[in-house]
Structures are given as structure tokens and as C-alpha cells.
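Next up: the structures, one after another.
Both complexes shown next keep subunit A, but they swap its partner, so subunit B is in the first and subunit C is in the second.
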Partner chain A sequence: MNWWVLIAFVAAMLVLRWRRVGILTWVAAWLVGLYLVLNYVFVVPVPVSVIKIYMGIVSLSLFAFVLTDSQRMTEFWQPIQAFVVEPRYRPLLALVALAIPALVAFRIYADMTATPQAPFFARTVHPAPPDSIIVHDSELALGTADNPYRDLETSNPEEFKERLEKGRAVYYLNCFYCHGDLMAGAGMYAHALNPIPTNFQDPGTIAMLREAFLYWRIAKGAPGMPEEGGPWQSAMPAWESFLTEEEMWNVILFLYDFTGYQPRAVELH
Partner chain B sequence: MSRKPPVLPILLGVLAMVAVIVASFKFLTTFDDKMAFKSPVRSEASVEAAETPRSQALRESSELAAAKELEKPYEEAEYRAVPRIGSRVAIWIVAQLHLLFAAFVLAVPIFALIIEFIGYRTGDERYDKLAYEFTKLLSASFSFTATLGAGLTFMLIILYPKFTNYLMSVFSPTFLPYVLLFFAEAGFLYSYYYGWGKFSPRVHLFLGLMLNVVGTALMFIANAWLTFMSTPAGIAESGALISTWDAITNYTWMPINIHRIIANVAFGGSIAAAYAAFQFLQAKTDEERAHYDWMGYMGNFVAICGLLPLPFAGYWLASEIYAFSQTMGLTMMGGAFSWLFIIQAILIGNLFLFANWYLWLGMGRIKGAERYRSFIWPMLVVITICFAIWATPRSILSTTEEVQAMGGSSHPMLGYLGVMSAKNTAVNILILTTFLSFVLYRRSGKIPTVSWAKQANFVQFLIFAGAATTVIGYGIAGYFVDAKTRIGFSVPQVGSVLAALVLVTLIDVFLLRNAETAETNWGKIRPISQYLLIMLAVTFTWLMGLMGYVRAGLRQHWHVFGVIRDTSVDAFTPSLGFATKVVSFTVLVFFLLIGFIFYLTGLTNKKSYQAIKDLTPRDVPGEPQVTPGLSAASSGATAMNAASGMPAGASGYSAAGHDSNPTLKT
Partner chain C sequence: MSTSRKKWLGPRVLAQRVLAAAVLGFALLPTSLAAQDASNELGLEVYTKWCGHCHGDQGDGLGVAASRLKPVPRDFTSGKYKIRMTTTGNIPTDADLTRAIRLGLYGTSMPAFTENYLSDAEVSAVVEYIKSFSDWFEDPELQNPETITIPEPPTYDLEAAQTLGRQVYEETGCARCHGEHGRGDGMSAPTLVDDWGNHIRVADLTKPWTFRGGGTRKDIFRSMSTGFNGTPMPGFHNNLGATPEESQQRMWAIVDYMLSLAGGPWEDGETPYANLLRSVPVETELDLEQGTELFAAAPKATFPLFGQIVEPGRNFYPSAVEVTAQAIHNEDEIAFRITWNDMRAETGGSNAPDLPAPLWDDHLAEIGQATAGVSDAGDDEGGFWGDEEVEEAEDEGGFWGDEEVAEAEDEGGFWGDEEVAEDDGGDDFWGEEEGGDAAAASDTLDTEFSDAFALQFPLQKPEGVRQPYFLFGDVQNPVDLWFVDLAKPTVGQRYEGRGSSALSPSEGGDEVITQATFDNGEWSVIFKRKRKGSGLSFEEDAFLPIAFSVWDGFNRERGNKRGLSAWYQVYLEPLEKPSPVGPMTRAGLTVLGLELLFIAMVRRRNGKTVS
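Now for the complex of A and B:
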């Protein structure tokens, strides 16, 4: 977070409020200010598509703000009207009249000279898994399957701990190159990969998935992704070729233990 | 100097062209004739006798073809195609239109009956008249619904014969009751409509009640068919029927029944409000404006009542889909359709914003409502924030570079707004705020006279604050617990909001007994409010269309999910962009049709042709009248017009009427 930008924004708005600026200035300040905040406050840039959504919502609200009150509406229109009608604004008006086509021209210029961009990346991060998979010759129904060792957590904490340790070994022997030592997706290879390795600390990944889902993703890797999970250049290996079933379940236990998340439970009817 | 057009050469040129064309045609045909095979003898008889090898072959092959036609075995067609647009799009549009009309026809009787009942209990004639006005919209809509339904059935049989046959085999016991119910629906509907004021009020209310019961039963049956397609039950893996009852009561049947009843009421209310707005904008007299303003207000009130519980019903539906199949649940919320839920969120946010905005504008018609004006902007801020959270996508549509920068397809900070805890909190607060808007609106029209008014206000405030705190508290706590507990948190969140709704309303009922009623100038509302009503109706309709696409699209390449595969050319999920276009087209057609119905219904309010002719000129309705409220509202626009028509005060033009225009006083 760039706190300075945020503080500057708040300060500017306070000054405007204190000076009791006209409603038109006020509305414009909010729009411009929020645009700047969205673009510059966050260290990790906010994607354009989200900025568009937010700006749309805020514009709509400002519109409602002005239009709910007839006095405000008159106040809003008066400067615009004056600008268009009054002779003393003529030169400025002429400038605006020139600026509009100039902006259009600039836009076209910018579009023509833009560096080519890869198209939007509408990858489905958590595609629907198949109903069942076969790993090492045994079939697993993904809809109902659960981690066979999950029960140990209460029934046999000792063995559970052992399994966690085994899972830890699996993770640091195989996974941390990509998923990172802190499971934040920042392993040493991460920067070269696209899509990048999943950040397990993010509340939107393993925290909302079932263990069977992870098992599927780990066992089948990128090659096992269905169509909507593409593009298929994900580097996630199909671990069934290297690990036993037990090892995979163990590492899943470890993933949840390390991040502190609980897996989504199987909902039975 | 003007030159005469050279007529002669032009004419000659045209003639020459025609001549050339005719000549070349003639030449070609003659040439062709010469080249073609001619039997050496020209008499007809001998031509037949002397069969050339070519004509013999032609004859034989046509005989063979004819013989084959006769031997052709009968084959059941699996599919038939509609030219150009394909079967799927054709049936999609017809089904969607049918659903929209059906929703309207089912919804109007629900609130017409309630309003009639209020009129009956309070003895207030206005309510009875209003209920009748709503009911008037029914009769033409009912015919449209039936026509579209018949069209849908025929199209199913023609275009998807095999699959339709299968559905029929599973649901065969439901069709006769459906037809009978439909018959009863028609009977009750028309006797309710034509019997207005002709039966004793109780009998009439009973007719209305039966109309609703029958209508709901109809919808429940139809819902069984379509929910079965998404979440089949009661059949073997091969698709063979085991139990029709199980097939009916499949996973999503009840959730869709409930979601639809509520959504239909909201949709019906908004369409009726749009009708009122349409009439308001055309109204010529203050009296008409007052009436339609009130009607629009009531329609919108109904729509809000439906809107508030909808999210809960939606979540139940979603969780049942998830419980039926993890695959389907993931496809919906995380997969191919997750992008659509961003659109859904934006539309729903719009609905809430518009509904509140309309209420705020409505305060303008109440004397003394100014004292609540300062509440508006904080509510607007809350709504904006909740709207933004509600619309924050979990996985974001982004370019590759943006994904690289974010370290995944969710933003490290905004990602926290995209998860369920945040969304639940946002939507619950949206509901609370909308309810608050409504309470304030009511309060601005009524001033309590009871001695304990101050304390009651304070308690109501505490209830609102308590509910908001509960919602936000659980929302934050949701980040620190496992998924199952988190899902469980939505229960206290929803519970506290519902409790607040009930408690505050209860207190209001007692508080506003014998309250002083402030003067409400129906009809004195800014016209923009009426456009809002129309926008609300359009948004609702669009939302229904899109969600229908989700429900049907979730089946992907199945007719009956996991059982009967779609093997037609359309067995792919249409892209979101394409679906939006089809839905938009359907919405457009729907509004054209319903506009026609509005127009027809408007005709029944008009005086008959003879009556208009007999009027003395003085009585002609539609003389322009100055309505103080309206002229004040539109003064901004008038000023603009005046100003642009007369660009400079410098031109020396200064009519007395324009002097009052502030901008020209420079």
C-alpha cells in the first residue's frame, strides 16, 4: 500500500469540503481521486477490468447523488451551462471543442502504436473435476471421497503428527521449488511460470476446496485439466508418476496444517 | 448556367443495354440448343421409341430412386434443425419469452389479491381500484403466455423429438393434471377479472385465492420438468424411470420453486410499476399523474419486498446445486459461469441502488420530508461500498501481465473482498440499508404522536445497529474459520437481518398508530423517478434471462445431466457474449410485446370514441396544465433549453419570461 497517495487523497477531499466547492467540482474530484487511488494506492496494480467496474459503480452513485436533489441538480448544471453560454468562456469553450477530436485522435494513435498484448486471461482457476479418477489402478469417486487420514486428527493424534511430518518431507522435496517455502506461491521457479504456482495462503484457494479436489489436482497435474482450465501451459506436474497415494494424502494434510486452513467438508444429503 | 440533362442519349443508352442483354441471352440459348443432343428423327413418337443410352440411364435411376423411397424404413428423428439460427437458439428465445410472461401472469394475482384484501379490510376504495388496475394487465398477458407455451411445446416435439419423448415417459403422470390446472387457471383468472365488483367481496377474494393456488401448482409442475433436467433423480443410471415422485422432488425442485415465487413477485411488481411509469409519463391531468404515481410506488414496493429475501433463496439454490454435484457447483461458481456471476452481481447491485434512489426521490412528494434529507448521502455511501464489494470478482478477468503482477488471478488485497464472507456481509448490509430507506420514507409521511416515540426511535436505531454489527462481525470472523463453519455463519447473519426487519416493522405498526399524516402530493415527483422504475423492470428482466442461461447452461453437453447426452450440433455451451446477445434480444422482444399489452390496457381506460366526440371543446382532456411540482423539477432542463435557444444575452433579446432564468442575468 502506498499510504501517501491515500493520505493525499483524503487531505485533498477535506480541503475541497472545507472550501465548500461547487457540486460539479466535488463530483469531478471524487471521480478523479478514486481513479488515482485505485491506480496508485495498491503496490500490486489493480486489473483494468476491476477498475472499470468500480468506476462505473461510483459514477452511478454520484449520478444518483446529484439527481436525487433538485437543488443539487441545478447547482450541478449551472456552471456547465454558464460555461457553454457565457461569452467570457468562449476561448475555453473553443479549446474544449478542439480537445475532443484531439483526444479521439490521440486515442487512435495510442491504439495503433500500442505494444501487442496477449489476450485476456480468462482461465478457470478451479475447473470442475471429473466424477471419478483412477490413480495407481484404484478408482476414487471425487464427489464423496475424503482424506482417509483426516480422522486421525482426533482419533490418533500421534499418527496424525507422523503423517504431517511425512507430508512436510514430501512438500520440501518436491513442491517448494514452485509453491514456495511459505506456500505463498513464490518459489524460486515461480517467476518463469505462467500461470504462476498457486498461493495456498490465499483464502480463495485450498481454504475453499475439498481434499479430494486437491488430490485430483496433485495426482493429475496440468495434463489432467479439463478444457476450461486451459491454457494448458501450467507447469504443475502430474504427481501420480512420482508419489504414492499415501504420500499425496500426507502432503495434503501438511498443506492445510501449515496454512492453518480447514478443508471444505463433504456435504452429504 | 444550368444544362438540360441529355434525355435522349440516356434513353438510347438504356434501350441499347436492354437490347444487348436480350440479344446475348437469345444467342446463348440458341447456342446451347445447338450443342445439345438431338435425336435425329424429330417426331415425338420416334423419340420415345429410340431411347438413347443417356435417357435410359436417367429413367432407370429415377425409377430406382422411387422404388427406394417406397422401401424406406421409418426412422425416428432425434433432432430437427431450425434454419439459420439453429434449434437451440430458437427454443431458447421462445422458452424465455414464455417464462417471462408466465412469471408476470403468476405474480400479478399474488399482489393483486393482497392489495384487494387490504382494500377489503380497510374499506379504502383506492386499494380496490388499484388491485383492479393491476388485474387488467393480466388478461392479454395470459393469452400471450398460453400461445408461447403452446409454441414451446410444439417446438420441443418437432426439434427435440427423442428427448421430449424421454421427458414424457418420466413425467407422464404430470401432464393431465397440468392441462386440468391450466384450464382451472383460465377459469379463475377470467372470473376474477370480469367478476370484479360483480360478486360479493368474499367470493371474489376466494376466486383470487384459488387463482393463486392453481397458478402456483402449475408452476411447481413445470419446475419439476426443468429441474429434473439439471439435477435428475428417481431414475436408473440408464435413464430408466424408477419413481416419478422422486424425479419431481429432485434436489433443486424446492429451491427453484421458492426462488421463482419470490423472484416472480419482484419481477411482476417491477413490470406493473413500469406500466404505471409509462402511463404517468403520458398522463395529461394531475389526477392521472397522482393515480399512476401511487400505482408505481405500490408496484415498486412489491418489487422491493420480493428483492429483499431473494439473495437468501439464491444461496439455498446454489448450495443445493453444490450438494447435488460438486462438478456442477464448481462449474457454476468457480468455472465457466463464474464470469457471468460478475454480471449478475452488477445487475443486482443496480436493482438495490435504483430501488433506494426511487424511494429517496419519492420523499420529494411528502411535505416535511426535508428533515430526512441528510440521511440520504450516508446511505448512498453504504450502498456504493456494498455494491462494490458485491461486484468484486473472485478471479479477475486480467491480462497475462496483470496475472503475473498479482501472483494469481486474484488480487492480494482485493481478493479478500471476493470471497463469500465479504459478499454475504455486503448483501446483508444492502438489504438492511434498503429497509432503512423504506422506514425513513414511511416516517417522513407520518409523524408519531404516541408519548414513547423518542424511546421507540432509539430502540429501532439500536436494532439496526445491532443487526449491522452482527452481520459485519460474522463477516470478519468468517476469514478465520474453516469453510463449513464459514458457510454456517450466514445463518446468524441472515437471522439478524430478518429479525431486524420484523422487529422494526412491528414497532412501527404500534408507533404509527394515530400518527399525524403529512401531506403527500401524489404525482408531484420528478419524472426521472419514472425512468428509474422502467430501468428496474428492464434490469429484472435481463437478470431473469441471464440466470435462466446459467441454469440451463450448467448442464453443459447433457439434456439430462449425467444421463441423456446431447448429441445434436448444439451440444456446446454458448459463450457468454453470445448468450448475452440472445438474452438481450429476448428482453427487447418481451418489452415490445408487453408494451403492446400496456397500450391495449391503456385503451380500456380511455373514453369511448363516441364519448370523446360528444365532449364540448372545453372538456377535452389533455389541455396543458402547469403542475407546480413538475415545473419546479424540470426547471433545470427548461433553463437549459432557454439558454441554448438563445446563446447570448448580448444579442439584446430579453423577453420577460426569460428574465427569471438565473443564468441569463449575468
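Now for the complex of A and C:
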């Protein structure tokens, strides 16, 4: 959040209110101010399409605000009428009347001569898993399954540690080319991949997911993803062709241990 | 750390300098040798969590990942480091090691350990821990090594780069390894090995974004000055001219010459990669006799490649890192030109996208250095491509699990022996630069597989967003491969792919015409085909998926062992671009008319109310 922009916006609106500016200025201030807020207050840029929707809603509200009161209506209309009618504004009116069509024409020119942009497929990052999967002939119900070795963390710390070491070996023989040495999704091949590899250090990934979900994603890879996930473009291998079930569960233990996150628990209904 | 010493006047043979430096170092003696903290617990903790899996718990560079990494992880027991501010043959400073940890080594799996991962205290501790692996850091003779200082760079001077810089490049013999135009294709490139006997790839000087030590002007100045210990790359500190000043001037000229090969100075972090290839319309016939000239007007788009590690045939270290593509079309035909840099053209042997490839690629095995067990694993060309993939997989899984442990141990032993031998001849790398070690390298010279290239398109225009699986397609969504085996550069072949285990040569259909040339380390391949016909139709004003595969015969790439790209898009610009003038005039006039109407209405209404 860029607080200074927000504070400046609020301050400007307070000043305008205090000065009791005309309704036309007031409406314009809201439109411009909210546009600036949407564009510059948030650290993560708001998509243009979202801004368009918000600005549409804001315009409609302001429109309604003005139309529903004849006093406001008059106040709103008077400066416009004066601008159009009074002779002293004539040069400015001519300028505005020519500038608007010029802007429209320029916009059309820019659109028609722009370099085409490659189409973008908005894939679902964590698609819904199936009810169950079959890995190496054994069926696993994804809704209820848990890492069979998770309990060792308390019941047998020694064996748990051994499994972490085995998981580390699996990770650093197979996964780090893409997901990176630091598990931050920035492996040596990451720049050549689309979609980019998952960043396990991001609190929005494995920390939000259950171990069975990871197991599904690892065992079945991109080819096992539903259509909304874009199975044709992700480079995630179906690891069941390379790894045993045990190795996959071990590497999941290692992912959580290395990043310090806890898996989401199985929900008991 | 930095000590000033007498500058050497005039060029000397490096062997002399190293000897002299050693004597001088002995004379100076260490002023303070930081006593190694025997219980560097923080260092051990950091090392175990972040470093051991590649560099090995013993610091010997033989962590679990080592067998699948090239360049191999640094062997800390040797004391030899590439990226340093100290002169050739010297140990690095703490700042050098900190730099490598903080910034990582571009183009390798060594990541940048930023403050998000390690605090300054943790980095210092692990630097001390890493130093404790090698005797060199305790050897009194090697302490306080001579360091270089990098002067402020003069303004980038293309003129000087192309005259003086080029001249120094030739005089210094850079081309012998780096090639005539710096593409990493010098005569000796295929035979170069490091102090551990591993073949190492010469830097492609046209791609500063892949330089291990960074590609800014100062970075290159440093690498040129200090060289890379443990490799054949020598350092040229104060050695390029009669005086240090002249040497420095000539150094900047050669730095700028290198950057001129890449199109000018490089900003840290910049990559040239695109996601769209624009095919431009031409009026003329697509006459391949014109070669490169034909594509003069077509914009270039560069796409990154990665090793095929998704399916069997895993290629952990592909040779080609990127391809640059151009495309043109006329009414009937479309042509693509693709270039990429290659150390050497392999035009003997043969290649095909459906050749069997080993399950995975063990570079140690392939250059004849790994144990028998490992090479068995690598060379098992058996049928994982078959139908019983699941059963196979289980077997493989179990097999791998056992293999890995044994493998690491075996290699450990093997390398351990090797190091003892190596340590005796610390200054040896000069000798190797002279082209020695041909015996070890000759194993790598292999003409079984030729270089090859393929373009990949969907066989039909995709409905909506669904594309074929990017690895040679899938059952429902086949791909069309335009393939050329560069041993037979004029024979264009087409394959229909429904997955990498279901590739078949296309029967009949429109011919793909190919042409290929190899010039000073650059392959240039041209494909031409009718725009409409069997397979994908290349419609105008539409986006079509396109992907690339490169096979390097030197790296024994064949079948699914290849370098490849993700899906990108090709866009055919319309032959006749609609002029914007019409729509612009119409919209402008409409708006103006509405405005005038509005003004007239307001005035009329106003007149009424006033009267």
C-alpha cells in the first residue's frame, strides 16, 4: 500500500469540501481521485480491466448522485451551459471541441498500429483435485488421505529425520532445476518455462495446501491436471514415472521442513 | 586484504609471475591469519541446510545433486575459485566468496542467497566454514593475495571496441577458445577441461546475460583481469600492454569489443527474451537462394531453451540456451529462419526426434568418468517408452532409490583419489590451456549423433485456448514437427507427434524445404512451406503456437534428450494492413458532429429560457 497517495487523496477531498466547490468540480475530483487511487495506491498493480469496471461503477454512482436532486442537477449543469453559451469562452470551446475528436482519432491510430500482444491464457493455479487417484496400482482418496509418514515427526523423530534426508536427495536430484535451490521457484530453467514454477517460499502455495494435494500434483504432474490448469503447457513431470510413492511422500516432508511451513490439516466433516 | 605490490612492467609469461608471486607472498608472510574457529556452529548449520546438497557435506563438490549438474558444484577442498578480485592462482577474498553467495552464479543452479534467506552474520559464518575445507586458506604463503582494483569504466566506445578491442582479441588468442566471433566455438573448445578433468564449455561471449560472474563492463573487466582459477581461462591483469595504464586501456577496449558482439553494453538483469514471433509480409517470391538476405526486414525474436527433464531422456545440461527466430510470408508461402550458437557443427552420424535416449543424462558417465554402475543407469536405453509405463516406473523408482546412494559414494571415492593427484600440480592450468589433456577430451569427441533442429506447431489450429502438450503433443492434440537432421541439411522431414513415445514420419503432405549453414559457431536453419495445405494453415492476423527443439550431437542429444522451448506464438501480419485513416476520420467526424449538435441544442434551449 502506498499510503501517501491515499492520504493526499483524502486531504485534497477534504480541502475541496471545505472550500464548498461546485458540484461539477466535486464530481470531477471524485473521478480523477479514484482513478489515481486505483492506479497508484496498491503495490501490486490493479489490472486495467478491473480499473475500467470500478471507474464505470463510480461514474454511474456519481451520475445517480447528480440526477436524483434537482438542486444538484442545476448546479452541475450551469457551468457547462455557461461554457457552451457565453461568448468569452468561445476560443476555449472551439479548442475543446476539436481536441476531443483528435484524441479519439489518436486512440484509434494507436490501437490499429500497436504491436500485437501474444494472447494470454489465464490458467487456474491450484485446480480442484479429483476425488481419488491411482498411483502405482494403489488408490488414494485425496479428500481424506494424509502423508503416511507425518506422524513420525512426533512418534519417531529419528526415522522422520532419515526421511527428510531422503526427501532432500529427491529434491536435489529432480526438482531444483525449476523450483530452485531455495525453493523460491527460481531454478536455472525457470526463465524458460511458462507457466513459471511454483514458489514454495510464497505463503500462498504449499502453506495453504494439504499434503495429499501436493502428492496429486507431484504424482500426476501437468498431464494429470484438469483443463483449467493448462495441462498442455506446464512442464511439471508426472513423477510417478520416476519416483516411488515413498520418495514422493518423503520429498513432501522435506518441502515443508525446508520452508518451515505446516501443511493444511485434513478437514474432518 | 588488498596489498599493493610493485606493478609488473611489460608482459611476462604467467608461469614466471605465479612463481614470483609465491616467493613474494612467502617474503611478506601473513600479518594476521584468522584463527579458524574450531566450533563454527552457525557456519555448519547454514552450510548443512543450504549448501551441502550440491557442494557435499565434506565440501568436495560431491553433494547429492552433483551427478546431475554441469558445471559441477565447486569443490571447496581445492581452494580454487573462478570469480575473484585476486590475481590468477590466488585464493579469493572473503568479499569474493560473499559476492558469490549473495549474487549467485548466473546460468548455473547456484542461487542468489539474498537477505531473505541469510543474514550478514550467517553469510560470514558460512564463508569461514567454506574456507575451512581447504588448506590454502591456512597456508601462510598464500595469505594476503594481490587484488586488483577495477577503475571507473570510460565511456563505451564502439569505434575503439571494433578496432583496438578486436586487435587485442586477436593478439591475445581469445579466438582459439572463444571463436572468431566470440560464440564459444574456438578450435580447442571441444577439448577444454578444468583441473578436475571435466569438460567445460567455453563462454559464449555474445551472451553477457549468461556470464557466470556477471556481464556488466566492470564484471567482464574483473574476469578478464583475474581469469578463472581451475579452468583454462587465464588472467590478463596488467598484462595486455607495456604499462599498467596501456594494459588497462586495452582491457577496456576488449571488454567493449565483447559487448559489441552482444549489441552494446549490458544492463544487469537484462535478458533478450520475447514471447511472440512476428512474421512480416513480403511481396517477393521466397527464394531460398537469397539465404539470410531474404530475412533482412524480419524482426528477430529470441526464445530461451531448457533441458528436456520432464520425460525419460532427461537432459540436465543442454548445449543450446536460446534460439533466435525470424519469419516472413507472402501470399502462398511462409519461411522461418532460426539461428543458435553451437561450439562445433556435428554433421556426421544421424539424428531423429524418435531415437531412443537414455532415461537420464549423466554427464560424468558420458565423458567416461563415472563408475560402471552409473553409466549402466545412463545407458539403459530400454523401453520406458513402451505401453507399460506404470510398471516400468515402479521398477525404475526402486532402482533409482538404491542407485543414488551407491552412486554418490562411489563417486566420492573416485574423486577423492583424483584430488590428491591434482593438488600436486597447483599451477598446472597454464599447461592445459596450451591444449593439453587431449587424451581425456578425445573421449568426448563423438560423431555418432549429428546436430538437429525442429520447429513444432499444432497439427490443426487450436480451438480456443487448448494447445497440444508441449512435449511433442498428446493423443487428442497432435503436433506437426518440421525436422532437419543437419547431417542432411537439405532434407526437410515432417513428423506427426502424439506424445514423445508416439512420433511417426508424416505420410505425404506438403513438403518442408530446408536449408542450413554453419558459420563461425552459428547454425542458421531456414524452413519453407506452403501456408495452406496439409497440417496447420498459416492464416493472417492470427496467433499460432510455435515451439523449438535443438539437438547438439556433441552433447549426444538425440530423441527426447534435447533442448526445447515452451510454447510461444507466431503472428502473421496481414499482407495488406488496413489503413487507420478511414476509421480515424469517421470516428473524429462523428464525435465532432455530436459535439456541434450538443452545443447547438444547449444554445437553443438557453436562448429560449433567456427570452
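Structural remarks
Following the convention adopted for this analysis, the second predicted complex is superposed on the first by the 171 of 269 C-alpha atoms of A that agree within 3 Å, B and C clash if a C-alpha of one lies under 4 Å from a C-alpha of the other, contacts with A are read in each partner's own complex, and residues count from 1 in each chain.
Heads up, the rule we're going with is that contacts are C-beta pairs under 8 Å (C-beta built on N, C-alpha and C of every residue); 3 or more make two chains touch, one makes a residue touch a chain.
Bear in mind the structure is a predicted one, so any value in this text is a computation, not a measurement.
With both structures placed on the common chain, the touch criterion links A:Val48 to subunit B but leaves subunit C unconnected. In the superposed pair of complexes, A:Val32 makes contact with neither subunit B nor subunit C.
Of the two partner chains placed by superposition, A:Leu95 touches none, neither subunit B nor subunit C.
Once the two complexes are overlaid on the shared chain, A:Leu14 sits clear of subunit B and of subunit C alike. In the superposition on chain A, A:Gln233 makes contact with subunit C only, not with subunit B.
Applying the stated contact rule after C-alpha superposition, one finds that A:Gly143 touches subunit B and leaves subunit C untouched.
By the document's definition of touching, of the two partners only subunit B reaches A:Ala207; subunit C does not.
When the two complexes are overlaid on their common chain A, residue A:Tyr177 makes contact with subunit C while staying clear of subunit B. Look at A:Ala265: by the touch rule set out above, it reaches subunit B but stays clear of subunit C. Once the two complexes are overlaid on chain A, the subunit A residues touched by subunit B in the first and by subunit C in the second are 81, 84-85, 117-119, 121, 184, 186, 194.
Contact residues on subunit A toward subunit B in their complex (touch as defined above): 1, 42, 44-50, 53-54, 56-58, 60-61, 64-65, 67-70, 73-74, 77-78, 81-82, 84-87, 117-131, 142-143, 184-186, 194-196, 198-199, 202-205, 207-208, 210, 213, 228, 261-265, 267, 269. Interface residues of subunit A, counted against subunit C in their complex, comprise 80-81, 84-85, 93, 97-98, 100-102, 104-105, 108-109, 112-113, 115-119, 121, 136-137, 168-169, 171-174, 176-177, 180-182, 184, 186-189, 191-194, 201, 221-223, 227, 230-233, 235-237, 240-244, 247, 258. Here subunit C touches subunit A in the complex through residues 49-50, 53-54, 63-65, 67-68, 107-111, 113, 116-117, 271, 273, 275-276, 278, 304-307, 309-312, 316, 384, 389-390, 392-394, 396-398, 400-401, 404, 465-470, 474, 477, 543, 565-569, 571, 573, 578, 580, 583-585, 587-589, 591-592, 595-596, 598-599, 602-603, 606, going by the rule given at the top.
Every residue of subunit B that touches subunit A in the complex is listed here, in rising order: 251, 319, 322-323, 325-328, 330-331, 334-336, 338-339, 342, 346, 349-350, 353, 357, 360-361, 364, 373, 376-377, 380, 383-384, 387-388, 391-416, 418-420, 479, 481-485, 526, 528, 562, 632-633, 635-636, 639-640, 643-644, 647-648, 650, 662-664, 666.
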